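Dumping the structure here so I can ask a few things about it.
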């Protein structure tokens, strides 16, 4: 059981979203931030680094946005649904854009294929959390 | 002249947004992240900390979101306007929410008044950058 | 298998540290950042929030430091061992300090006990990575 | 007057370090984080990006470490001097390493020269804060 799940279990107040959906999203966000940080680094070590500039840039954005979205969704106290929702939408846009570029590079580089999977899974998880918040 | 401005001056490619608007926004984002980090800490030192929980929480979100938005808007290379735009919208929502709560606390705490000003200025700057991107 | 491990498997260059130790540390850092973010939030929801200020503050520091250390250790390309080592030492100090305060609060709050475990495990992992780098 | 300075002015408790040194350090950290984020991006747009991989990597580390150090030093409440000191030492190592590589690239790229200045100034500021904490 992830720490996200354990910490939610001992949260002292009630919260208005399905705990399973929430923890699955936090875990997907944390995983995607990690995958994007590592993929940008792997890109930097490739001989064809000049062809991977777009991939690196989108990975750097996606790592930052997923990390921030993980933090905001991990906080239950006095959360503002308008902020959470608009941030989830930004995160979905970022995961989609980064996933598309990683997919384009996946034939050449196995690490881009791994990162694409993390982005696709995170995009799905954020959409499910958005749905669960309605 | 801020580093945001100096670094843009030596950017090797062209970019499609007004440099003055862009650097003003990056500076407002960096300032607001700093103000929110410090205001959440000031709240923690107040005797009425229990009444400041909402302020602290929104400041923590706003610090994280402004910092990430500063990073994404500081990157010119291969930027994706869909990502930037949706992140600016999330940042506007966060600055508004945090600014409103800080305004509510400003009568009691001078530090919340300072933070409110940083949030309002950052919200305006993000809206101007959104306009400039159209 | 975590993304940290999968991405290291497809890293195009060689690296000088044991892959198992490295990925275990990255995973412990990511977990600890998550636990500390959530524990600070749980603290904010407790009726005795005023007694949890020290815990919140150390959790906020520890979340930031673990997240940055996860990023730096996730990058293999052109890493500077002096930077990595001194950052691991800062992270060990932060996990120890936060773990001690969480331990003090663990009798009262189950979430602090969970966070203490994450801090202790992360402190151990960082020490093992430091050893492996010698 | 920067927000770091304004927020310290309204801090409700006393703190044990010279306010001028502290705010100068926070401002230098924030500036250096911004310069490093932008310089890594400028590097990505250069035709000789393959020669700038080390510079990019050290800039990415330095941006992360300076940002985290800015956050930790911005928090006055219940701070742990052991954590602050070891983090300042890591930040000094990072600014030195990044500054050295930027200096090496400064003949070729004006943006690396700007970033070097930010790193040198931040390294000095962190050393002064360390001294002031003794």
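Order of writing sets the labels: A, B, C and D. Residues in every chain begin at 1.
Methods note: a residue touches a chain if its C-beta (ideal position, glycine included) is under 8 Å from a C-beta of that chain, and two chains touch if they have at least 3 such contacts.
None of the values given here were measured: they were computed from a predicted structure.
Here C-D and A-C were compared by C-beta pairs in contact; the pair with more is A-C. Seen from the Cα centre of subunit A, the chain whose own Cα centre is farthest off is D.
Computed centre separation for the pair subunit A/subunit C is 19 angstrom, with centres defined by C-alpha atoms.
The centroid of the Cα atoms in subunit B and the matching centroid in subunit C are 27 Å apart.
Counting partner chains per residue, subunit C shows two or more touched chains at residues 41, 44-45, 53, 57, 60, 67, 71, 75, 77-78.
Taken together, the touching pairs cover every possible pairing of the chains.
Subunit B contributes residues 41, 44-45, 49-50, 53, 56-57, 60 to its touches with subunit C in the complex.
The residues of subunit A lying in touch with subunit C in their complex are 2-4, 6-8, 10-13, 26, 30-32, 34-35, 37-39, 41-42, 44-47, 63, 67, 70-71, 74-78, 109-111, 114-115, 118. Contact residues of subunit D toward subunit C in the complex are 53-54, 57-58, 60-61, 64-65, 67-68, 71-72, 75, 77-80, 82-83, 86-87, 89-90, 93-94, 97.
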